[in-house]
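Chains here go by letter, A, B and C, matching the order in which they are written, and residues are numbered from 1 within each.
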Amino acid sequence: MSDSLLSPVAPRPRQTGWLRAIIVLTFVALLVFFIVAAPAFATVSNIRSVLLNNVAPLAIVALAMTLVTRIGAIDLSVGTAIDIACLVLVTLVLHQVSLPVALFAALIAALLVGVFNAFLVTQLGVEPFLATLGTLFIGQSVQQLSSNGGQPVYLLSQKLPDGFSAIGHGALLGIPLPLWLLLLVALALYQLLHRSATGRSLRVMGEQYSVAQHSGVPVKRLTALAFILAALIAGIVGLILAANVKAWVPLSGNAYLLNAIGASFIGATFAPSRRPNVLGTLLGVVLLSFIANGLLLVGWNFYWQQVATGGLIFIVLAVGALRARRHS
Amino acid sequence: MSDITQSAPVAAPRSVRGQQWLQHVSLLIIVLVLAVFAWLSPIFLTVMNLGNVLQQTAVVGTLALGLTLVLSGGGLQGITGGIDLSIAANLGLSAAVFASQLNAGQPIAIALLLTLLTGAAVGLFNALAIVWLGILPLLATLTSMNIAIGLEMVLTSNASVSASSDLQNLLLGNGPLAVSWLGWSFLLLAFGVIALSRLTSFGLRLQAVGSHPQAANAAGIGVKRYQGLSYVLCGVSAAIAAIASVSLLSGSSPGANDNLLMVIAAALLGVVFSRRLVPTLGGALISALFLSLIANGFQLINVSSYWINGVEGVLILLVVALTALLRRRQSRRTQGV
Amino acid sequence: MVNNAPLLQLHAISKAFDGVPALQSVSLSVHAGEVHGLIGHNGAGKSTLIKVLGGIHAADRGSIELDGQPLTLATPAQAQRQGIAIVHQERLLPGSLTVAEALWLGNEPRLAGTPFILRRRMRQQAEQQLQQHFGLQLDPDALIATLSVAEQQLVQICRVLQNAPRVVVLDEPTAALARHEVHALFRVIERMRQQGIALLYVSHYLDEIQELCQRVTVLRDGKDVAQFNADQLSPAALIAAMVGDARHELAPRQSRRAGAQVLQVTALSAPGSFHSVSFTGRQGEIIGITGLLGSGGKALIRALFGLENGVSGKVTLGEVSGVPASPHAAVKRGIAFVPEDRRANGVALDLSLRDNVTLTTVQRLLRWGGVSRQAESELVAKNIQQLDIRTPGQLAALRQLSGGNQQKAVLAKWLNTGARLYLLDEPTVGVDIAAKAAIYHTLQQLADDGALILVFSTDLLELQTLADRIMVLARGEHVATLEAQHTSHQEILSWASGTGALTERAS
């Protein structure tokens, strides 16, 4: 039995079932309910707002997470990558560094988080869960130290370099930049995971790691690639955050972690292969975001939303697990 | 014709004692670190300070004990292994229940009962999701954590709830050696749980379940039952920790979830103190105390407490890398061929 | 002494997995005080039968009776309660428990009326029992994970004996035992016999079967095809029954002219496995590698594919030298590897046949940055035809194929890479006769086309069918190279067991 760096993730059954139909129907019913009960829900401005403010950043992080979960691992430190990128960008801009250089440096910083994870997992043989947990810890500490315990770092509006706010609010052809970034990332990842030769190897790694290894797939190299790329992609969200909030709020990236994981696994239940995938993740993010939005507009207590979102993810997971059980 | 009909003898070096060095080195390191702190701050080793530390450890320590049960029964296989990410959120929810009950004037017995039921309910939810439905522990407890945080916010509108009761006053009062009753209770609880686990078949069977579920099953042990029970007990431990927390803070406050990482750190670091290289209750206790001592030491010598998380992270990585290495060396010897 | 009425009777047991039959109407009986051997090639159904007896799998059809009473074996606990004990091949001992704990797990001695267990008694009795049964002195506080395979096996057997079972099934118990440990085991078996226990002894070591058993049942392709009494037991007869009529399909290869030298292995060593092995290989050759368990043969094959650590020496294939550092490096040099544990390492069971087969060569199917579906399905169709893979379709999950066809899929995966060196580790384990013949045929064709093939196998018949020459390893040393056509099983075994050349030639 070979040593595995990674272990298999969710169970995977084969056929479609009427259980899946039930989920779809439930979602449709919810959507209808929202449209009827909250007149503001189905308006262009609302949809645009949700897409820009909720879907875009979450989706990018979730896609980064999908890359890692697809090979059967997990990355608990994506929030750290987001925050580090944000921190570096804000700090450099504050010190009057030119914008392109600052952006580049921020992305490199995020990339380094990924490199650290890759090192732990592929060179030291630490399990991804524990390795990224350790990175999360260390990242938290670094941020706390850099911010004197959680003090945000603000940028002054007058002193912003040209084009800075464009990252968050600028638009091309009427579509906001963050959505373009999302599109770019989604397309690139789709190409990588679902169309390229490397994607095949990644898929087998997630499916049955030892088979990939015994077939000559460069497993260590690809694992490192996944972690590094995931951190880089997460870093993009850090840039968007910085531009939108015009500040660095420490530890804010972690808020995305849970929903990113949730969306990635919800997305997995949508695919016939039951493995994490790009389209499913996007769908999962859209669902989570719009349901939260719907609940808000319908007037649900804001705090109940968290319960509702959690409950929703749970139902999807439960159904997925039940389907898996029926086929084993 | 025939297959190979005989076998070559399998030689296996028997350095069973070989791995004791890890425990000895770890203990040595702890003593060293404590010595450094003691040298840098004269207050560090006073009974009053240590008693304070003990009291401060009550919350995280109790949670770490509960989490250890889950880790023990679930096996440490990374993503598919047992874990309870909801434990800190459960603490928050249970604390909110306790504080609001007291606030509403309920008798202490009712408040305690409801708190314990809350913790157990979350634990039961986890147990059903993981053992009955078959959802991965990581995902299931991630979800229940979300839900518990939400419920807590619903209950408290994301605000602190102050509460006072005779029980809290009692707990915070000083017992023998000028250590608070809370500190003593925690110690008593910890030793009690450790003793029960070791003196009955519970600890043994739970460990077997986590280490080799097929073997446990073949031995007639209900794997699902034990794993489910570990999650429920973990939930109860969160409720107990909630009582301690409410006592210490004179109420409940949002942000209990921040404890999660420290609890995980304590439970994982406990591995180092067991020659079996598995999470143990005693190890978790020592680790929780150690982490508290470090935090306390940092405070006394005026080092920013924000180094704590970093220290924890590095420690975890060290421990994990080491144990992975040791385990690999262990099993390589017994593979034959 | 064997009583007249059988203690244990199995009637027409049938069991299928995913539609693939593993047992077809198997019947056998064991008397009290009898050691009944169960033999058959890998994949013949032995382990399935054991699992049915042990309550791990439920038989689809058939019945089992103990002392005339029908048994319900729905769970392992039930089986144990009714007196059936299985000593499995896989060690069912939790690694982080101590010897005493593992021995008493589930059955811990308690202080009367309380839930408190008596650890001291557990330790004392553990020490006692191990000493008594096996003459073994083990520290009862030693962790299971630190014991050798042999020691773990003995603890497992000791555990089983605690329940005073009426039937004991031993599944390949001596596979990892040293000579004196095997004798100790035989003594224990003899003692169990005298106590009237019915023993089912499953093994593929025929000399043990001969020494121990009063009767033997032979399984082949899931059916019980023959039964022998003690006086009828001879290796030749047993093997003939195991292999059956298909012998003629496995025709020994025609000798052929080997081509240029392509492989040179110099002083290859892996600490703990094998030491300073050197040999050469030529195009078109099939070299068999064999040896007893622990001899290093399997490790040698794996080392050539970069799967072993700490390997030193030189491996020159074509122009490149040096030991492959990883499977990826090996594949780049034109090496292919068919692993032993197919389900774990060879095929991704939940992926389609197509995905499995194209895993190694998907780069060649790229068009416009994506994989060309058409090129892919054409390639796979070609493979299916070449190897005669029986499948519901290209997109069928590999789980649905039989073991033999799964193995063919593994071969197809490598076929497409045009590898120069094929490394195979027990290639026909769990493969039915027809598929076995097809695989042999393919291998011979590959050799004809110029590949060099190294096969590690403990199936001597297979080696003699396939190989030109057979390398024998014993205790990590390369002790002999024999001409496959001119050697005998006795000679191979003689070298493998370390006793050197035969003094007299057997026919």
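Just a few scattered comments:
Note that a contact is a pair of C-beta atoms (placed from the backbone, for glycine too) under 8 Å apart; a residue touches a chain by one contact, two chains touch by 3 or more.
Nothing here was measured: the structure is a model prediction, and the numbers come from that model.
Farthest chain from chain B, judged by C-alpha centroids: C. Contact count check for A-C and B-C (C-beta pairs in contact): higher for B-C.
If you average the Cα atoms of chain A and of chain B, the two centres end up 29 Å apart.
As a whole-number value, the distance joining the C-alpha centres of chain B and chain C reads 42 Å.
Taken residue by residue, chain A touches two or more other chains at no position, since every residue touches fewer. Against chain B, the residues of chain A that register as touching in their complex are 3, 6-11, 72-74, 120, 124-131, 133-142, 144-145, 149, 258, 261-262, 265, 301, 303-311, 313-314, 317-318, 320-322, 324-325. On the side of chain B, the complex with chain C involves touching residues 1-12, 14-16, 199-202, 204-205, 207-208, 211-212, 214-221, 275-278, 327, 330-331, 333-337. Here chain C touches chain B in the complex through residues 76-77, 80, 88, 90, 92-97, 101-102, 105-108, 110, 115-117, 139, 142-143, 145-152, 174-179, 181-182, 204-208, 235-236, 238-239, 290-295, 298-299, 458-461, 474-475, 489, 493, 496-498, going by the rule given at the top. Put simply, chain A touches chain C in their complex at residues 1-2, 12, 14, 191, 195-197, 200-201, 203-204, 207-208, 210-221.
The residues of chain B lying in touch with chain A in their complex are 77-80, 129, 133-136, 138-140, 142-147, 149-151, 153-154, 157-158, 261, 264-265, 268, 304, 306-314, 316-317, 320-321, 324-325, 328.
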